[in-house]
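All chains are identified by letter, namely A, B, C, D and E, in their written order; residue positions are counted from 1 within each chain.
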Amino acid sequence: MLNTLNVVRLLPELILLVTALVVIFVDLYARRRTALWLLPGVSIAGLVLAFVAAFAQWGAQEVVAGTLAADSFAFYFKLVAAVTVVLVILASVRYMRERTRFLGEFYAFLLVATLAVFVAVSATDLITVYLGLETLSIVSYVLTGFLRDDKRSNEAAIKYFLYGAVASAIMLYGFSLLYGLTGTTDLAEIARRLQAGDVLANLEWVAWPAVILAAVGFAFKASLVPFHQWAPDAYEGAPTPVTMFLSTVSKATGFAVMARVFLTAMPSLGEYWMALLYGLAILTMTVGNLIALRQTSVKRMLAYSSIAHAGFILMGLVAVTAPAGGHPFNGLDGVLMYVVAYAFTNAGAFAVVAAVEDGTGDATLDNFAGLIARAPFLAAAMLIFLLSLAGVPPLAGFAAKLFVFAPVVRQEYYALAVVALVNAVVAAGYYLKVVKQMFFVEVPERPAFAVARGMRWALWLMIIGVFGVGIFMNWFAFMSVRSAAGMLGL
Amino acid sequence: MAFFERWVLTIILFWPLLASLWVLLIPKEQEDRIRRVSIWMSVVPLVLAAVLFVDYGTRFLGGTGGIQYEVQVTWIPQLGASYHIGADALSVPLIFLTALLTTLSLYYSARVIKHRVKEYFFLFLLLETGMFGVFMALDLVLFYVFWEVGLVPMFFLIGIWGHENRMYASLKFFLYTLVGSVAMLLAFLALYFKTGTFDIVKLTEMRPFADDIVRASLVFFGIFLGLAIKVPSWPFHTWLPDAHTEAPTAGSVILAGILLKLGAYGFLRILLPILPSAFAYWGFLMVILGVISIVYGAFVCMAQTDLKRLIAYSSVSHMGYVMLGLGAAGVALTGSVPWLASKDSAALAMDGAMLQMFNHGIITGALFFLVGILYERAHTRDLTAFGGLSAKLPYYYGIFMVAGFASLGLPGLAGFWSEFFVFRGAFDIVRIWAAIGAIGVVVTAGYILWRIVANVFLGEFNEERWGNKLWDMVGYEKATLWPLILIMFFLGLYPTPLVNFFNSAAVELLTKAGFMF
Amino acid sequence: MILKVVFLLVSLFTVGSALMVVTHKNLFSSALFLVASFFGVAALYVLLEAEFLAVAQVLIYVGAIATLIIFAIMLTRGMMSGRTSPRNDQAAWAGLASVVLGLVLLYVVVFRVQWPVVEKPVPPDTIEQLGRALVGRYVVPFEVASVLLLAALVGAVLIAREKEV
Amino acid sequence: MDVLKPQIGDWWHALLQGAGLSSGWIVFLDALVITLILLGLGLTSVLFAVWLERKLAARVQDRLGPNRVGPYGLVQTVADALKLLTKEDITPDNAERLSYNLAPGLAVFAVLMLLLVIPFGPGLIGADINVGVLYLVAMGSVGIMAILMAGWSSNNKYALLGGFRAVAQLLSYEIPMILAMSVPVLFAGTMSMEKLVEQQAHGRWFGVVMPAAFFLYFLAALAENERTPFDLLEADSEIVAGYHIEYSGMKFAWFFLAFFLNTLILSAIATTLFLGGWRGPFVEQVPALGIFYFLAKSFVLVFAFMWIRATFPRLRIDQMMAFAWKVMVPTGLVLVLVAAVFVKLPVAPLVRDVLLFLVNVFILLVVAGLVGRHLRLQIKRLSEGAAVVS
Amino acid sequence: MVPLSWYLAVAAVLFVLGLFGVLSRRNAVAILMGVELMLNAVNINLLAFWRYTQPENVAGLVFAVIVLTVAAAEAAVGLALFIALYRLRESVNVDEIQLLKG
């Protein structure tokens, strides 16, 4: 009921909502020149406030209004999302300015998408889970197709939309079965009811359909093979800042929701969903990497690479355990580490792609040739991000890999470990292809180009982030272990 | 001296990193300044490493062995991973070797590298930090971090400043090493889950998986893969000829001189003390691989026409000695050989392996410098293109002969002692295999004398092709090589200090592994 | 008994219309059958004593979604008839997969599982409770849904707007 | 409260039970009879309304109107209907037959369905479902569907344009209409039509308490009914009758019927929601009076509809859309907000009603003022532009 | 009373029909129609479960309401995209979207 609602717990969400409205009003009333810096400024200010509001509540552990959890797990994702979206906004200032005049709407949509992420990651009820995911999806469709007159943007959005709509319908069917079996939509309550006697007798018959159908939706959001076909197209066709968002925050949300639903609502079905995810993980990383190997567009290559990375993240969830005493490497903290590392890294890589697109018109491998001479900062930044993606220490990607490989080793899933190993190497192979283009190939005839200021800041922040996560792994380990512990009931 | 004790390693470790950042801040147009800065900055760790060498020696004489200069600062408390570094009788010489070869390489490169100077020196200094880190790390995570940090700059050094096939070679180098290192990471994690720590010292005390040979073997092979690729042992060696051949001169020097030692060092620092049971169990395998490497490498050398490639394959062969020595010690650990013989033999074999690590660094480093010097003039590495250089380039010939003879193990030069110790140790333990391995020594003499000396230095001088394009060694080249030549002579005549160092390290490691002396 | 007959008629109507929706060649007719199907579903809701949802179904599905769909069809006139087949190359596989999935679902969901059925009447104040729930326990989804609708509206306008001159 | 229904209903049920029918049959016959009554009532009213419209328009235009068939031409409509029924029924060659033939029926059906929830008198309601108001809105959208079908299936570009306009206009005006309708719903706390009437006892008509909402509803109803000044979907001078351009004979008659039924029903809804429904003096004593009051109030509204139609010019389509979205929707939102606040106001009902009335009038004035100012500005700009051109 | 399984059967059939539409249709709007059928099936499920297992708990109703709402928003955005696509390509057939393949 309303009177028991603790509004403070919803402060991050409210701040985002208000900021989105303010952005729209600013867009209405500010002069264009002012709006150009005021819009991103206001958006970033709102996100920073939301970040602070979420950070201040770190450590809380309660359910707000029956359908949202205010726990460390959720706050962790909120923090990551807020930071990443700030970076996205910084990276998009010039990119979007040159491509559309609906800037106010763009930033407002980004904020609403973030709001949806906030809701989805803290959802403790099938209804909020669905609504959060779906809001995120629908706003993402719009963002993907934002450059309406650009064929690629539009087609990307349509592909994304069609896959998304089907996936969410399938997921809903699974949810409805869960609801039918347990008579409730509350995740924790579902878990309790699933262990009740009358339900138990039917469990084996509902378990597979419910798990598979529900997993489809999450798998779509997290772009796991075989529900990934939208991803490369959407990532390539969408405005690149949007791609940054999709490939990091949106994907992370898929994992957050997947983890929460499976761990909170279906712990007793663990063997079912873990087996499913095991297969998906292997499939995802292998297929993603193999296709990425063949790409000539860097944007598309990164798209497939982020599919492959989804497989790596999934490893954490496959091998999730609840070791006593809140020790690290319980699997879930691997997901969390990966998400934060990946947020900086992949967003950074796509930001560089955006900058290269701005500077050279496209983002094929050829456009990256000799980048070190033409835009040394970009090349260096890209190198750092690619190395991080490859998992080279002391960068963020290493921390991530460490934390997802660890639980797999702990559980002694040797097959998975070997597949992951091979994939890590394959992935490094195509990352190095880009490095090779940037550093080894020399094209003296191509002109140098400059990087926009917002982009420069965003890249610096992301570089700092990538190094920070890698070197000060302990802070992030601390936070992710705490968050994971809360979720695992430790 | 408390300050020295506490900070010397850290300063050595991070000094090159600071230097590299300094280089980064210098505008790329000021190439001379970049060169000066990097060379002088690299001298600092060299001096410190020399001081360290001496200091450790005095301590050693004073009776304090084992790991010294230990620093342990909590890094990731959740994982029990810490910034834990230290140096013992094994690592101190290797640190010195690293500092020496880096300084020489930088000095040499300053004259040779004209293209993208800033990046070059930046990467080289970064590389030095990575190598130092591996030799100092006493924590598996830290070890892994520095292991990988060393990987990236070398990838660039090969890829940007290498020869025609540099891109292929750099990619191959990186990917091969990465396969190994990821496997190694997985094995480290397995160790962690068994013990709850990444600390090498603690792990050594705990000796995880001592009673579970299956899991111990799994972990062993995870780490083994990473190290053996780096060493490189046959059949993981295929990246090496490409990488060495295509790398720029200084890159080859570091690659052969230091990076290969990282793998061998890993065997001694991690595998032997932490997983002695598996090390012993699979010791015979290492013997076999070592012998195959020796013989195979040597025979392949005979078939080379590319001078640099020949030296590269000789590295495979020479690193085979290291493997043979280590494997023999492992076999001795099983206790399957007579007690009395194996006790000292194991230590001797390990002494030999360690000596070989150091010597090979010096000798092959020198050889690669020499090949580089020739290449700078002739722009070809084809053996058959030359002939009769002994008359035209006498100084060069002389230096080359010293290095070459050292390489083939001529008594009086450094190489002799390591080969001698290895075979002396191994003969007692794995007699037949050691005997087969000895074939390699013969073949080595063959390719040094027949392939190189006969083809390059003797015979007809091709006047119309080379005319006066080839000139003898000049000052900076001499300055680069003389320190190495001197060390070869010194160690050839008086190896005792180094042998003492290594012997104490070997004894200590074997003791930790459960060998009673 | 009479309820069962009514149910059967309604569901036949619904499923039949749905079948036409997915098989009819003419897109516009498909859309009309979709409307019919929506009505059928609304009637099923009435049979389930969920009048509010039945009305909402008509209001939203027929009044909003179907209208939008038909509107879109009309705006993209000329596309739904003629030249190309309405089905894609994988229609046969799709049919097979759908039949198999359908059989599995029917077997599992309908015949296998003993759903925990209770014989209880619907409380008379259901709608009031629904209203209270929407501003109580489910206030967050309620509000988020409104934000979503607003965003979707703005987004749709933004994307479908006239070409800029 | 239920005065009429129990009396008649009990007698009727007793009769049926006496005939030895099972309860299932009784339910069925109930439904049948109610349907027939509603149909009869609706259709007769339409006959009268058509006549009224023609007479009224004639009077406004200083003509006589129908005066041949029957006294004052009262039976003229019947004659016209018969004529339409006997005319040839043409279906265009390229028409989409199914929907072409279905559309008129659906149009009438959609409107007739609305009769079900309208309380004609105390207890005289087809079905008092508890989401009555929502039902009204929902059925309204079915009407749109019929127009879309007609517009599309005729395969005529004017018809299609009419269809487009139907969606644009009807959907747009549905929103202020729903907003206006939700004001009394909010105030009464129920969506049941009968309960809404109950809440308007003692002359406390919502239309009086909240004149702005009533006015908003009225305007929206004009548009929903495709009446001047909002009759753009069949604007004769632009798209020659729009969606039913191809229809003739019987099928045209269906559309015609739907149109007039809609007029009546929108008035009836307005009566129920805002004018106290069947309430009036002495209804408590003589329930039958309720029907009279209800019809009387409804026909006053119908009269107003017709009057406006006869006297106003048609809007341009962009003006019409702008009016809906820029004037009516915001006003409606404000009204809903105001109502929501006032419902919770802790004062005596009378005080609250008076306050609400004042606020409503204020809003009405403000909106009127704003619209007026805008119009004046536009006129000024237009005249200046004209000056420049000339 | 009609047994619950009847409703579930209708819902399952509707769901599968929708899925068939999605998989077999070439036109984007037709695919969307399939999706709408699937959503309807879900709603039938939800309401049937609500009625037969938990009539006094409105969670099922709330869920159905939310699904309805989201479906509307989704359809709006989707159709807007289709219209934009049509403006760009004069076609809303998805298998003609080749630009991004491969």
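Observations on the structure shown:
We take it that a contact is a pair of C-beta atoms (placed from the backbone, for glycine too) under 8 Å apart; a residue touches a chain by one contact, two chains touch by 3 or more.
Nothing here was measured: the structure is a model prediction, and the numbers come from that model.
Fewest steps needed to get from chain A to chain D, stepping only to touching chains, is 2. Hopping across touching chains, the smallest step count from chain A to chain B is 1. When chain centres are taken as C-alpha averages, the shortest distance to the whole-protein C-alpha average belongs to A.
When you average the Cα atoms of each chain and compare centres, the chain farthest from chain A turns out to be D. Looking at C-D and A-E, the interface holding more C-beta pairs in contact is that of A-E.
In this assembly, the chain whose C-alpha centre lies farthest from chain B is D.
Chain A and chain E have centres, each the mean of its CA atoms, that are 26 Å apart. In whole angstrom, the spacing between the mean C-alpha positions of chain B and chain E is 65. Chain centres here are Cα means. That of chain A falls 30 Å from that of chain C. The set of chain C residues that touch two or more partner chains comprises 52, 56, 64, 71, 105, 109, 115-116, 138, 141, 145, 148, 151-152, 155-156, 158-159, 163.
Looking at chain B, one finds that none of its residues touch two or more other chains.
Residue positions of chain D in touch with at least two other chains are not found. Pairs of chains in mutual contact: A-B, A-C, A-E, C-D, C-E.
Within the complex formed with chain B, the chain A residues making contact are 327-329, 372, 387, 390-394, 398, 401-402, 405-406, 409-410, 414, 417, 421-422, 424-425, 428-429, 432, 435-436, 439-440, 473-474, 477-478, 481.
Touching chain D in their complex are the following residues of chain C: 2, 26, 28-29, 32, 35, 51-52, 55-56, 58-59, 62-64, 66-67, 70-71, 74, 77, 127.
Contacts from chain A toward chain C in the complex involve residues 1-2, 5, 10, 17, 64-68, 102, 105, 108-109, 112, 115-116, 119, 125, 127-128, 131-132, 134-135, 138-139, 141-142, 145-146, 148-149, 154, 157, 177, 180-181, 183, 198-199, 201-202, 205-206, 209.
Within the complex formed with chain C, the chain D residues making contact are 24, 96, 98-99, 102, 129-131, 134-135, 137-142, 144-145, 148-149, 152-153, 160, 163-164, 167, 171, 174, 191.
If you check the complex, the residues on chain E that touch chain A are 8, 15, 18-19, 22, 28, 31-32, 34-35, 38-39, 41-42, 45-46, 48-49, 53-54, 57, 59-60, 62-63, 66-67, 70, 73-74, 77-78, 81-82, 84-85, 88-89, 94, 97, 99-100.
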